[in-house]
Amino acid sequence: MTKTNSGNFFEDFTLNQTLIHATPRTITAGDVALYNALYGARFALQSSDEVAKVHGFKQSPIDDLLTFHVVFGKSVPDISLNAVANLGYAEVLFEREVYTGDTLSATSIVIGLKENSNRKTGVVYVKTTGINQRGEVILSFIRWVMVNKRDETATIIELVPTFKKSLAADDLKIKLQGNVNKALSGSPYITLDYTVGEKIDHADGVTVEEAEHMLATRLYQNTAKVHFNAHAQSTSRFGKRLIYGGHVISHARALSFNGLGNGWRLAGINAGRHINPLFAGDTIYAWSEILEVTPHALRVKTIATKNQDCKTYPDANHENAILELDYWVSFAG
Amino acid sequence: MTKTNSGNFFEDFTLNQTLIHATPRTITAGDVALYNALYGARFALQSSDEVAKVHGFKQSPIDDLLTFHVVFGKSVPDISLNAVANLGYAEVLFEREVYTGDTLSATSIVIGLKENSNRKTGVVYVKTTGINQRGEVILSFIRWVMVNKRDETATIIELVPTFKKSLAADDLKIKLQGNVNKALSGSPYITLDYTVGEKIDHADGVTVEEAEHMLATRLYQNTAKVHFNAHAQSTSRFGKRLIYGGHVISHARALSFNGLGNGWRLAGINAGRHINPLFAGDTIYAWSEILEVTPHALRVKTIATKNQDCKTYPDANHENAILELDYWVSFAG
Amino acid sequence: MTKTNSGNFFEDFTLNQTLIHATPRTITAGDVALYNALYGARFALQSSDEVAKVHGFKQSPIDDLLTFHVVFGKSVPDISLNAVANLGYAEVLFEREVYTGDTLSATSIVIGLKENSNRKTGVVYVKTTGINQRGEVILSFIRWVMVNKRDETATIIELVPTFKKSLAADDLKIKLQGNVNKALSGSPYITLDYTVGEKIDHADGVTVEEAEHMLATRLYQNTAKVHFNAHAQSTSRFGKRLIYGGHVISHARALSFNGLGNGWRLAGINAGRHINPLFAGDTIYAWSEILEVTPHALRVKTIATKNQDCKTYPDANHENAILELDYWVSFAG
């Protein structure tokens, strides 16, 4: 009996099973600095304790995506260590801010299982909840991943869950207070300055390096093997390390400062899809379309591309599209 | 009307214009750790809270160049997003220390404008001031950059400012107190051990990687495009990403520990010039010449080179010279 | 007389000489975050302040290897700047935990000297002790390095010291308290679940990048030239930068979570040996054999390899073996 943990395979999951994920994680100012150095975000709320206080926070809260990645990372050893692919996210709801010193932990419930027709893999649907050291819910989300079976002949009780195509504005828990200082925030626009259908090119491109995405993914304690092992990946389909999809999301979000500079917090993610893989040496660009405008939040669709600028707003079908993300972003007033 | 910010062009500046730069930035222990990991500085004042207390500080102050880069970075989106080149620095005066928890913000005044004869570009001179959350001045500096014009036919009121060739010892605001413990500081020399004209080879060489300079430049929230986008740079003059000049300054300063180990704080920079560009894969070396000796500070000229050691003290005209920096460094007594 | 420090050569050392190493170092949350991002450790004690409190700590202590690397790094400018090779470690005894805010400093005593028969090099044996700001001993260790002579004809008084092949369980100072929460720790095994002779493949592989090992080695303020200077190394035996051996130890330790997840603290290192050099682009794997089982600690031998997985437990004689480490690891009960 080996003590090496080889992770769960498709037939190891059962409907309504609860998984308590390992390794609670205290978030520190060091994590925040690394996150900033990796993505270069410039949103004033997360950059300045002084700005944060003006808007009713005790200090700058953690970037919501750092929270997401840490909670997501906790679920990897139990859910997706043997994943073939991360297929999607839905109903990602941010409920509460995280400060340095808070400790995050996570649990998941298996809400769906569907074997693929080749009987070699199946799709596992989980709802994951991240809590802080006081047991308060920080965020929850649904994701589904394709996982290898250990034994092709194994059978399993199946259920495909239903979930919302999009969170409604009324579902959101995050609402920013106070009036933004537009000179200090770097953007003159509040929600009502945007119109549905408006397109924004985020202009800049950023090239990704092996060292960067591995530092990021380890910071999140995400152990998915395909990101770290060039030796094993040399015989894989792509022949090289794959970059964690969340790394792309964080870069796209940081790029979106140019055009969405007062959109300080993520309130929810309605749908996320990694269209093509990203590799070290590729350059990420992004653009956004405004889907809904409310007084406190915009619903935005961001498309990220690789090695292709976004001046012509390439859509999710473009051969260089890598990410389509439909989300709610809360604005300071 | 797009919401994408494409930065200021030469004709967007006017004499005596004040620019309030965006995104105040709270400095943390995380920023300091990253700075240390990027450059490997070993000056005892910044390394040890215990040493700092002996010399009258409440804890280790932030490295003065980290302060400089953060304040400089704030000015980039307004001043040099469309810069062709950073031409120089002058009258960089450090006035006050920064501790973790302090929040830096910055403003600039346009003090000079001069169109180039080709009418495609012009030189913008600004005086930038960085303050903390109490409004106290931390540092100020003059810099000038060559910026593209949007419209060749645009005309502008011109003025070339004058400034000091060098700060005098009496201009300096930083003076260190207390006697240095030479065993713990790693250097036996105080100011009066140096002589004018003395040359010091800083001996070590350090190779720079793409991931490192991008982490650094993002840590400073410096958004200059040429540092990040390999895809766009592939069609540029150099065909690749350029390394932020400040990254070279920080490496040269860290190397200077070997020979100037008790020169704990920058008091001022008289003149700075980036002679040649640096690219990932290049190795930085540096040497220094002592220009002036005073009881509390040395005026030093440091030359950095690439892929060329400094045993023979190559000057600024050497084909591999990359930096010439004339500055005042304050010593513990 | 140059002010450039060129380090000590073999004949500069004398028996029983005490060296006070420079640059005390205050450890911060930033250092910890970088360490985590570099290696991806997931041991619950170091990851969560809440877990640490349950086991009697005021907060998460620093990873013991971060402490080791910082103390080791302090000794480099005095001991091994002119080292040809790090030959070994022995009697590494961890005595006390380090928290963020603590300041580490180090001294070494020369306990042995042995010239090599070629008269060009000699072996220096030192016992190095790291203390905190209250003067309490944090750890001590013996190491020996081959150092160049400045002058082949120089003679020196020789002594080869003796030391323990292994620390005994009774020698150890670190003992963890309290019962581990196995769901949160990520491992179901405590010491008595292991058996002598048991082998554990740590399964994962991690590829190392130039940027990463240089960030790490600078974080430890370790200045050994061979790690940083590609320009100078291009004419060396290997033609490229060598990776600090401690970087390999930290990676092997992080990989060992898979199989030794409740082995939260290093109590001692009996023997360490770098078998082959590691270079950027190589992938590290590791496996462990249980050498001794006691109620509170396991004695473990870990072998790390490069570009060779450890499914077949390759031993120290394997051509791709890079590290053999014999150590005591303390478990939560």
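In this document, chain identifiers A, B and C correspond to the written order of the chains, with residue numbering beginning at 1 in each.
The rule is short, and it goes like this: contacts are C-beta pairs under 8 Å (C-beta built on N, C-alpha and C of every residue); 3 or more make two chains touch, one makes a residue touch a chain.
Keep in mind the model is a prediction, meaning the values are calculated, not measured.
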Check: Think of each chain as a node with edges to the chains it touches; is that a line, ring, star, complete or other?
Finding: complete
Next item on the list: Count the residue numbers both subunit A and subunit C use at their shared interface, divide by all numbers used there, and answer same if that is over half, different if under half.
Entry: different
Note to self: What's the rotation angle, in degrees and to the nearest 5, for a C-alpha fit of subunit B onto subunit C?
What the structure shows: 120
Next item on the list: Determine the centre-to-centre distance between subunit A and subunit C, using the mean Cα coordinates as centres, and give it in whole Å.
Entry: 35
Margin query: Going by the contact rule already set, what residues in subunit B reach two or more other chains?
Written below: 28-31, 33-34, 209-212, 215
Item checked: subunit A residues touching subunit C - in the complex, by the definition given at the top -> 2-6, 20, 22-26, 28-31, 33-34, 77, 100-101, 103, 105, 133, 209-212, 214-219, 221, 223, 225, 228-232, 241
Check: Okay, in this complex, where on subunit C does subunit A touch?
Finding: 28-34, 36-40, 42-44, 47-51, 59-60, 183-187, 189, 193-194, 198, 200-207, 209-212, 215, 258-261, 281, 283, 307, 309
